[in-house]
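Please find the structures below.
Consider the two complexes below, in which subunit A is the common component and subunit B and subunit C are the respective partners.
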Partner chain A sequence: MFKKNTAGVDTDLIKKRLDSRKAKMKLSLAACAHCTLCAESCFLFNARDNDPTYMPSYKFINSIGVLYKKKGMVDRAALQDIRDVVWDRCVLCTRCYCPFGIDIPEMIAFARTICREQGVFPDFEKEQKHAG
Partner chain B sequence: MVKAKRKPLEEIAEAISTYGKVLTVGCGGCVSVCLAGGQREVYELNAELELTFKESGTSKQLGNYTVERQCNMDLIQEMDDIAEGYDCILSMACGAGVQLMAERYPDKPVFPAVNTVCIGVDRNLGMYEEKCRACGECVLAYTGGICPVTRCAKGLFNGPCGGTNNGMCEVSQDVPCAWVEIYERLKGQNRLDDILKLQSVMQWQNQLQRTVVQPKYEKRYYK
Partner chain C sequence: MYDFIRGPMVWISIAIFFGGILWQVFRFLTLSQAIEEPKLKRPAGLVAEVPPAGVGGFLHALKLSIFKTSPGMIIVTSVFHLCLVMVPLFLLGHNILIERAIGFSLFSFSERTSDVLTVIFLFCGLFFLYRRLFLPRVRIITSGYDFLMLLLATAPFITGLLAYHQLFDYKTLMVLHILAGEAMLICAPFTKFVHMVYFFAVRFSVKGEWALGSGNRNW
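== the complex of A and B ==
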C-alpha cells in the first residue's frame, strides 16, 4: 500500500494539535458557505486585484482545512505550501468579517502554530537578503 | 514597524536567575521582521542561556513558544496551558507585547528580553533606522516628509535654530541638521512657503498613555 512520505514531520504532534480544537475548527470549516463576504473585508484581497487566492476563506480552507482533511498526515512540501498561504497572503490584521461568525484569524493563527511547531516558518533574514 | 534589539545575555540571565522553569516567548510580528525576537531568535537565546547556566552549574528548564502577535490578547491566550507549567516568562516582544503578556498572567513574573528602540525602516539586512517617535501630531506634510521630532536634536517645529552649522547640528558634526534637509527638500519641490509658516507648539500627547479609536468605531466605545 502506498505510504505518504512524511519524513521530517511529527505527524503525531500535528494530530494531537488538530484534535485539541477539532470541534470548533471542524464546525467553522463546515459553516463556511463560500459567500465571499469575507473577501470584501480583506485589504490584501482588494489590493491584489481581487485575486481569489487572497480570499480569507481560501486561506483557511487551504491551510487548516488541508490539515484536517489529511488528518495531519502531511509532508514537508505540504507544510511549506501552507506556510506560503498563512504568512505570505495574510498579515493577520484580524479585520476579516464573516456573517456566520467564523473566527478566521484564529484558524489562520492555528495553522501558523502547527507550522511553527514543525519548524516551518518564514525566514525574515533570507527575505531581507533577497530584498537588499 | 517597531524595531527592537536584544538585551545583553548577562542582563537576561540575571533577571531569570532565581526561577527554575522559564518560558521564552517569541512574537511573530515586528520583532520577527527586525530579527530581534522571532521564533529563530527564541531558539538562539535559549541555546545561549542553556550554555550560560550550564557553565555556572545551575539547573534550569527552558521552554520556548512563539505567538503570532503578543500585542493581541486573542492570540496570546492560546498559550494559557503552556504558561501554566512555568515559573516565569521571558518575552521577546516589544514593550507593548511584554505588558499585555504581564496583564494576561498577572501572577507570573514577565521579563523583557529585548529593548524596544523605535518605529523605523529597514535600511539593510539587520540594519534599521528610526523614523517616527509616535508624537501623535504628524507634521510631515509641511516638512517635506522629514520628521523634525525624530531628526532634530531639539525636536523643533520651527527651524533651524542658531546651532545649525554648514548643514550639521551643533550637538555633533556627525549629525546632519534636520531643518537644513527640510529646507533643501522643500526648495527642490518649490514649496519653500511651507517653511515660513509658523507652527504652533506640540501638545506632547505622548506624555500620557494614549488610546487609539478609529472614527468609525467611536460609537462602539464611547457612549
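== the complex of A and C ==
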C-alpha cells in the first residue's frame, strides 16, 4: 500500500490541533455551499483582476479544508502550498462576507497556526518578494 | 415496496429531516454562547445613519447588501429557494395526500401555478449548473459533490414535472419522484444542505458585521 511521505511533519500534532476545533471547522466547511458570493468582498480578489485563487472560499477550502480532508496526513510540499495560500493570498483583514456567516478569518488563522507549528511560514526578510 | 415508500418511508424521512434540523440547532447552541453586552458601541458623537422611509429604505438596504455586487445571483437564488420550499408545500397533489393521511392540509396553489413555478425553479437550477461549469471562480471550487447536491435538489422537481405531464412511464416516474423527495429530506440536515439551518442560526443570532438579527450570541 502506498504510504504518504510525511517526513519532517509532525502529523500527530497536526491531528491534535485539528481535533481541538473539529466541530466548528467541519461545520463551517460543510455549510459552505460553494456559491462564490464571498469573492467581491476580498479586496485582493478585486485588486488581482478577479483571480479566483484569491477568493475567500478558495482560500479556506485549499488550506484548512485540505488539512481536514487528509486528516492531517500531509507532506511538507502540501504545507508549503497551504502557506502560500494563507499568507500570500490573505492579509487577514477580516472583511470577507459569507451569506451563511462562516467565520472565514478564523479558518485562515487556524491554518496559519498549524503551519507555523510545523515551521512552515514566510521568512519575509529572506524572501523580500514584493520589495521595491 | 411501492406501498412502503409512499407510506411509512415518507414519515421516516420527515422524522429524520426534522430530527436532523433539531440536532443541528442543538449543535449550534453548544458551539456558541450567549453574550451579555455588545463589545462595540457607536461613539457618542456619531449619529446613526437613518435610511429613507418606505420603498426607498428597502432599496437603500439592498444597496448596502450583497445585492449591489451580485444582483443576478441574488435574484435567482432567492427565487430558487422560495420555489424549493413553496412548491412542494403548497402543491395540490401533496395536500390531497396529506389531507387523507391526517385530515388537515395547507392551502394549495392551482396546478398551473405549481407547474409554472416548477419550470422557473428548474431554470434557476440550470443557471447554477451553468455557473458551476463555465464561471472560473465557481468552477475552481466545484467538485462532483456539488453536482450531486444540485441533482439531489432538482431531482424531485424534474421527476414531478415529468410525471405530472405523463411523459415517460408514469408509475416509474412516480416511484423515482417519491424516492428523490425522500432522499432530499433525509440528506438535507447532514450534507451541504445544512446551510438552510445555519443561514438562519448564524446570520440572525451571531453578532457580526453582516448579522441580520440582534446578534446576542457568539462562537
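Everything below uses one rule, namely that the second predicted complex is superposed on the first by the 128 of 132 C-alpha atoms of A that agree within 3 Å, B and C clash if a C-alpha of one lies under 4 Å from a C-alpha of the other, contacts with A are read in each partner's own complex, and residues count from 1 in each chain.
We take it that contacts are C-beta pairs under 8 Å (C-beta built on N, C-alpha and C of every residue); 3 or more make two chains touch, one makes a residue touch a chain.
Small disclaimer: the values here were computed from a predicted structure and weren't measured.
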item: Which superposed partner A:Leu92 touches (first subunit B, second subunit C, both, neither); value: first
item: Partner chain in contact with A:Thr36 - subunit B first, subunit C second, else both or neither; value: second
item: Contacts of A:Met55 with subunit B and subunit C, given as first, second, both or neither; value: second
item: Touching partner for A:Ala109 - first (subunit B), second (subunit C), both, neither; value: first
item: First (subunit B), second (subunit C), both or neither touched by A:Phe121; value: first
item: Touched subunit A residues, subunit B compared with subunit C; value: C
item: Those residues of subunit A which subunit B touches in one complex and subunit C touches in the other; value: 106
item: Subunit A residues touching subunit C - in the complex, by the definition given at the top; value: 23-24, 27, 30-37, 39-41, 50, 52-53, 55, 57-58, 61, 97-103, 106
item: Subunit A-facing residues of subunit B, complex; value: 28, 32-33, 35, 38-40, 66, 68-69, 72, 74-75, 78, 122, 124-126
item: Of subunit C, residues touching subunit A in the complex; value: 27, 31, 66, 69-70, 73, 77, 131, 135-142, 146, 191-192, 194-195, 198-199, 202-203, 206, 208, 210-211, 219
item: Sites on subunit A touched by subunit B in the complex; value: 92, 94, 105-106, 109-110, 112-113, 116, 121-125, 128-129, 131-132
